[in-house]
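Per-chain numbering from 1; labels A, B, C, D, E and F assigned in written order.
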Amino acid sequence: MYYLTRTYTFSAGHRLHSEALSEEENRRVFGKCNNPTGHGHNYTLEVTVRGQQDERTGTIGDVFKLDGIVEQHVLADYDHRFLNTDVPEFARLVPTSEHMVQAIWRRLAPHLERPQLYRVRLWETARSAFEYYGEEN
Amino acid sequence: MYYLTRTYTFSAGHRLHSEALSEEENRRVFGKCNNPTGHGHNYTLEVTVRGQQDERTGTIGDVFKLDGIVEQHVLADYDHRFLNTDVPEFARLVPTSEHMVQAIWRRLAPHLERPQLYRVRLWETARSAFEYYGEEN
Amino acid sequence: MYYLTRTYTFSAGHRLHSEALSEEENRRVFGKCNNPTGHGHNYTLEVTVRGQQDERTGTIGDVFKLDGIVEQHVLADYDHRFLNTDVPEFARLVPTSEHMVQAIWRRLAPHLERPQLYRVRLWETARSAFEYYGEEN
Amino acid sequence: MYYLTRTYTFSAGHRLHSEALSEEENRRVFGKCNNPTGHGHNYTLEVTVRGQQDERTGTIGDVFKLDGIVEQHVLADYDHRFLNTDVPEFARLVPTSEHMVQAIWRRLAPHLERPQLYRVRLWETARSAFEYYGEEN
Amino acid sequence: MYYLTRTYTFSAGHRLHSEALSEEENRRVFGKCNNPTGHGHNYTLEVTVRGQQDERTGTIGDVFKLDGIVEQHVLADYDHRFLNTDVPEFARLVPTSEHMVQAIWRRLAPHLERPQLYRVRLWETARSAFEYYGEEN
Amino acid sequence: MYYLTRTYTFSAGHRLHSEALSEEENRRVFGKCNNPTGHGHNYTLEVTVRGQQDERTGTIGDVFKLDGIVEQHVLADYDHRFLNTDVPEFARLVPTSEHMVQAIWRRLAPHLERPQLYRVRLWETARSAFEYYGEEN
């Protein structure tokens, strides 16, 4: 089994604010990330797939095809957007990095079966990375 | 003469949109950066000062004091904000990185005379850096 | 299950020298790291926790709280110190990176149960990283 | 159990071209990597070993010895070479990163039993990493 | 005056070998870089331009246009090529990084007058950078 | 004129403490860097030389020779040492980064005339860089 990790970047705005919390709770829980007009990040997205080698090509899959899938299903919708208002899944979900790795997993998994999606890792800043391995893990 | 460069990070949202341009011109000039709801970045700010060594301490100045000046005059106002609406100078100036390095210079220069402010460099992303050396340079 | 990795830095001095070895064995085993007056490093510490999402906040926990725990239980004691003499656990243990990740785990684990401490990774230099997953792993 | 990851770099040329594919298939599958005269990369190699701590030294093994093994069995043959023609295993295998991590594993594993080789990771560029954990994994 | 630095990457093969030197001198001067079949690098190219701000856009120029110029005049010819045989200027010039920054300057300067090309910096590896400021500097 | 920057790393311990200051002043000026037993850093040293190209080799000089000079005159004395006690120039000078770049310049300049030493830059941490261009600049 071989693992390939490929890295992408996108820039997006967001505001951390939960409808399930009071104004005061939102400020306490999310601190400066609750700023009413939002803020933003340069996100680094690492997508890991795994699979067996194809005997004829010596690869587990086509990197350019992987790039196309991530471009079409994630970057085209997320890059240079304000996540809360411009991306459908965050109409009801707070765009925390946890919700983001789950949403990105759901967008990519149906298109990554061979090689298979193994991990989604998202760096919100150079200091904070979030990982998700799918519903069963 | 010695030069000290100190690095800071902040996360902010912005929208590139000029009142001096038509809607169509704005879209053409700024592309995806003109997205109406904005987007954001993890900015890396490099502040360079220069000066002579103090004979008794062997330094050109106090790094902790420099940190305090940058925190008070830049980061406290820029970090986790939406620049267009939350920072006064961008009420009339498009928050491009060029305008940002100029604005940051003007905020810092009066407080950095000894050692003296030499350069403001701002990385908008890991691929794009902007530099400014003051009005006379 | 979600994993959050958060990165910290500290600078410390140390000397690799074991009481269980002769002077000559110490020089052979530890080489230049056995220099009698010691040397030092900028350590990068990566702390990984894991947990379920809180439905109301969309997060697995409070990053600022995590920062406080690492600051109080590790950085306050390790940063800008000479490990062999200034940090209690290294009075008897050689401050190798292996002993350091174990010691940091023991300092953090009692305070990180929900989300739960999963991994301690320590970069001694940009070329060498050490990982520890707790006593049972 | 402790894990140590040590990082190495080497620069090499290669051409992706499979004898099992037609000229046209090679161009379609490998794209610009099929350029007849080849191209090259600065590879970053991460070797991870794991083991128990030695009570007397507080380490899982000798980093300088690990460096010597990687130098002798990998870098001496791979660095500043054209992989297709200069390295025996790529006389018949396409020098994809998948084949490279497998080949590097086979070169290192017999010499890394205590501490034991756990993972070979190879960065072909700053955006693409490949991992291999041995035949049984 | 504002300075914008934009970063690009490309992967290429090369061989350092001068027709003006004997075989033995070539081996002595270029060492392992003289390997007959060549080797390669992931090059990082930093292009710096400078200029005045446009009052209406708040920028010194269009980053996307700069990207197009570098893509068309440098990357299209250099990326995934073997420099000695595939790039015209290196038919007679040894593809050292010094010759490369000069060649890249000559390719870009005619197309970068406003903002004006100021510096070409090329990282051959993460340890070695070469800079060129044009014929008059 | 071409500029070549080459990067080196070394790990060293130091204590910031000036004989010209009282105990209390030392604590106030140097803060945690005044810790009596010292601390340490992974220093990154960037040495920049400049010169004309040699027509026959296409380079401004021999990188391996440069490496030898830096190894012999700086790294051999600084790496894995406690600067205050192990390096002669810091018997009387506080080992601040300002004093270090000056000392490194003085060690290297006599051996780097063609190509000529242009700049010494020292990163004490990933956040702080110090530069020196010689006595006349």
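Following the convention adopted for this analysis, a residue touches a chain if its C-beta (ideal position, glycine included) is under 8 Å from a C-beta of that chain, and two chains touch if they have at least 3 such contacts.
Computed from a predicted structure; not experimentally measured.
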Please report the minimal path length, in steps, between chain D and chain E on the chain touch graph.
1
Shared touch partners for chain B + chain F come out as E
Would you mind reporting the rotation angle for the C-alpha fit of chain C onto chain F, rounded to the nearest 5 degrees?
180
What chain lies farthest away from chain B once each centre is taken as the mean of the Cα atoms?
D
Over half shared or under half: which fits the residue numbers at the contact of copies chain C and chain D, same or different?
different
Just going by residue numbers, which of A-C, C-F or B-F has an interface where over half the contact pairs are the same as at D-E?
C-F
At what distance in angstrom does the C-alpha mean of chain F lie from that of chain D?
34
Centre-to-centre distance between chain E and chain B (centres being mean Cα positions), rounded to whole Å
29
Pull out every residue in chain C that's touching 2 or more other chains.
126
Can you give me every chain pair that touches, using the contact definition above?
A-B, A-C, A-D, B-E, B-F, C-D, C-F, D-E, E-F
Can you list the chain E residues touching chain D in their complex?
9, 11-14, 32-33, 35, 37-42, 79-82, 85-86, 125-126
Quick one: in the complex, what on chain C touches chain D?
18, 20-21, 29-31, 93-94, 96-99, 101-102, 126-133, 137
Of all residues in chain D, those that touch chain C in their complex
1-7, 53, 55-60, 62-64
